[in-house]
Amino acid sequence: MKRVFILFALALTTLAAAAQGRIVTDTLYSKNLQAQQYCNVYLPEGYSVDRHYPVVYLLHGLSDDYQSWQKLGRMKDVADELIASGELLPVIIVMPNAGDQDIHNYQNGYFNMPGWPFEDWFFHEFLPAMEGKYNCGGSKGQRAIMGLSMGGGGSVVYCQRHPGLFSSCYAMSPWLDNKNHEVDTEHGPGSKLVNTQKSVCEHSALDFLARADEATVEQLKTVKWFIDCGDDDYLLHQTLQLYPLMRQRGIKAELRVRNGIHNWEYWHAAVRTALPFASRNFYE
Amino acid sequence: MKRVFILFALALTTLAAAAQGRIVTDTLYSKNLQAQQYCNVYLPEGYSVDRHYPVVYLLHGLSDDYQSWQKLGRMKDVADELIASGELLPVIIVMPNAGDQDIHNYQNGYFNMPGWPFEDWFFHEFLPAMEGKYNCGGSKGQRAIMGLSMGGGGSVVYCQRHPGLFSSCYAMSPWLDNKNHEVDTEHGPGSKLVNTQKSVCEHSALDFLARADEATVEQLKTVKWFIDCGDDDYLLHQTLQLYPLMRQRGIKAELRVRNGIHNWEYWHAAVRTALPFASRNFYE
Amino acid sequence: MKRVFILFALALTTLAAAAQGRIVTDTLYSKNLQAQQYCNVYLPEGYSVDRHYPVVYLLHGLSDDYQSWQKLGRMKDVADELIASGELLPVIIVMPNAGDQDIHNYQNGYFNMPGWPFEDWFFHEFLPAMEGKYNCGGSKGQRAIMGLSMGGGGSVVYCQRHPGLFSSCYAMSPWLDNKNHEVDTEHGPGSKLVNTQKSVCEHSALDFLARADEATVEQLKTVKWFIDCGDDDYLLHQTLQLYPLMRQRGIKAELRVRNGIHNWEYWHAAVRTALPFASRNFYE
Amino acid sequence: MKRVFILFALALTTLAAAAQGRIVTDTLYSKNLQAQQYCNVYLPEGYSVDRHYPVVYLLHGLSDDYQSWQKLGRMKDVADELIASGELLPVIIVMPNAGDQDIHNYQNGYFNMPGWPFEDWFFHEFLPAMEGKYNCGGSKGQRAIMGLSMGGGGSVVYCQRHPGLFSSCYAMSPWLDNKNHEVDTEHGPGSKLVNTQKSVCEHSALDFLARADEATVEQLKTVKWFIDCGDDDYLLHQTLQLYPLMRQRGIKAELRVRNGIHNWEYWHAAVRTALPFASRNFYE
């Protein structure tokens, strides 16, 4: 059988040569959330726990979960290619889950809400556990955050409230506020969706900026910001409010409006820009 | 429940407004192939059988089937977006299956081989049936072909052998020849893979061009050609042979070598270029 | 001397093969403007007055003149390449001069002002003369307009006021209003710059849209709109006002915000997108 | 005059905020070349001789001189924009002159030839002088080279012959060999063009690679290579020979073939890719 499938052997060799990270699914029980929290973690080719890596937190949207960035956004192929071309440093990419065990249900979002202290969990339990286990991050200069829609808003708000923790923030089609949308009154004040919408409203990135004092603005200037939203995205008006507010306050940000809607075509292209942006802004 | 989920309603409305084609799965029994042949067909938004459309044949690769362009290449989202932006005319996109019923097995390819007269079937049964049923194509000016890997080679060879039938040909990472690869001797002369490899060798696009007489070359000039292959693709050397041969014979072609390997990242980007290329080259 | 410079001969042959339009400078005396009006006209390779062409009006900015799109924006090389690749139909591109004879002075702009009835001249004298002489345009479907800065605003306002005349409008870094800028009081009410600023204020594209009645809005929907402005352009806030206004009124437009400032790097890239956009939207 | 030209003041402020490097013209007398050698040097915004910078050598083509990259390729605007966006480190860009004083005459090229020991001058006089004066380069990790046409070939050959000096090489539309072109016999063996052509032939990058022993190949692997040539460039065949040769010898390189010919549209786009490539491959 010595001469069998040489074409395929060649193919395999070549592909293997082209840098292959891998995705592992990890899990962490949280007493505070009362949930077994899953996450996906991208490990670059040649990953070794003995070496230190920068880290990117990559957040999903409202109707997605920790698997979506890979399943629907195929982030691994993008990251592999960018690392191979040198546009992305070898990096750990952590994809958390912003919901409880019932991952097919509506999500609970990135903020603290009744019975769901997610933001506390993220910063006090999840982030330290991940960075310890995978030997990554550990400081503002070695940590970036990005996400789409609800996760885009989450990225912005996390950097607004914790500017000392992230070197950069890349928001894709971000959901930044919920003021102009009426709230689900059917399911009552305890329903997940109502709570999620309410918490987005309470954590409005627009309000935060409007109210920020000078000291806060100075802190915000220490983060590199990038906002990227499709010209036919139904959330574009929020991006078009956020960016001028940031300029008015003297906070430099990149803005891109490309052709597109609120879908994975847009985010798949965006993550190709976002990862090199994070990479360029890491520092020791 | 009158004020429930307004955010989602808005989202739905917007998405619906952004042009939504659909994919139907069709099937055709072929006596000559002794197979029930499946295919996917993209129908643009507002499709009506009363209106005539140009047609694109979009061919899959060796280890894929008629579903791959949608499942792995998400061609519908790309086509929807390009039609919405006006870069692609409303078009029928036909994705045939180059294998027999056992679609999880190795494919049989696009050429005639013992017991598998695929090329005959394609031109004499399949193409007329599709164009009749969906009211599309019908002439060289209203018909284009494109594909990846084995389907990229298939596209080139179909246009070499039937230049009067296609206005344009877009080959992605094409498999154009099999001469330098030894053949599977294990599975014997009757195995599918051996036959597929042998038929690619016999239908070498490079040989065809080298042997073409002047009259043939004149015919080839009536097709618009585009070849697109990654710089780290293990088949790149074949593209780098084909293109200079075409130039030597005075056959104008577009060539692109972008960053990438033999994978869906490459082809997903390629089809975004390929569909507008086909569209620009349709004529009445 | 028979074997001299073969390398260069080869180069010349190849370049010649790559489609070469040319630019002619034309001139037209206007009694109403009391000026000899210059313009540049791009004629595609193989131009013949016996054949009819679509036409693009390409407008310069405040401190430029009719030569700037070629001298600083090298539009001929872009047009040649796009025609060769099939992304642009063979087209006439007319570059008018929005100033008087003293072309090194501040310009007078695209609107009627005291002693400078430019808009009247453009539509009643210039446009018919150009389209007659070069056998181009002649109808909405065969006519497009685009421009940068003051010429981007000019393009928008011309299409707002004459929606029946243009199939598409592409505004680059447009100057759409002058309300928030104080006016030059030094040079007095008769100075050129004061008049230009005042006329931009009076012809505010934002005001026009805010005041447009339903019938007007229906007319505006017959134009294909594209707005393209850099994220660090000092005029971006005007684009960010115009686009939501258009969406509110149901007027579909493309929006792009790319990386960049108010400079020729931006416009040189923009014209590469703008010409195919115009081309796709021509109709018989 | 306190309220005059506020619009323009705003514009100026914004533009100034967008990072402005500058170009200085420098001159160096060479006894060996018997020439006053001019060069252009790009200094990034905020340049200070007290700070150390990486250096890029940017080489012109046969019919150009040290001014062409700015005059025709507007490299300053590209570099300014890339530094502002963080894609390019603050860098010194040195543009030498590969001709004698009579810069309107045909150039003499990058190699040693009778009476014109340019390569010796470049490495022994020019490079040390520039890096000393501008406090840049000084080691392989802090030095890159790139160029177009004759300068693309020059970049490749310099890196082949001095692989220990450059971290990366980016060749645009490179002139890599002159074997298939007959030589100017009219002007005689002493003419500049004859000598330039002959020296390109003698310094064939293709021959160098074909003859390289294993130790040399190992050295070549320490350089990051990028080759970029238009699909309609009359020199493309040389690129299509070089790249497979490099792959055969196990020397990794990036290859891009984009739409285009041998012109400034191509090189202006290329330098936008080349500078970040050099930047990513600098190291301490």
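Observations
Order of writing sets the chain letters: A, B, C and D. Residues in each chain are counted from 1.
Please note the rule applied: a contact is a pair of C-beta atoms (placed from the backbone, for glycine too) under 8 Å apart; a residue touches a chain by one contact, two chains touch by 3 or more.
What you see is a predicted model, and the numbers here were worked out from it, not measured in a lab.
Two chain pairs, B-C and C-D, are weighed by contacting C-beta pairs, with C-D ahead. Our note on geometry: chain C versus chain D, Cα centroid distance of 36 Å, whole angstroms.
Rounded to a whole number, the gap between the C-alpha centres of chain B and chain C is 39 angstrom. Residues of chain B in contact with at least two other chains: 85, 254, 259. If touching chains are joined by edges, the resulting network of the protein chains shown connects every chain directly with every other. Within the complex formed with chain D, the chain A residues making contact are 85-87, 224, 254, 277, 280-281. Interface of chain C with chain A (complex): residues 231, 237, 240, 243-244, 253-259.
On chain B, the positions that touch chain A within their shared complex are 1, 3-7, 10-11, 13-15, 17-18, 74, 77-78, 81, 84-85, 178, 181-187, 193, 197, 232-234, 259-265, 268.
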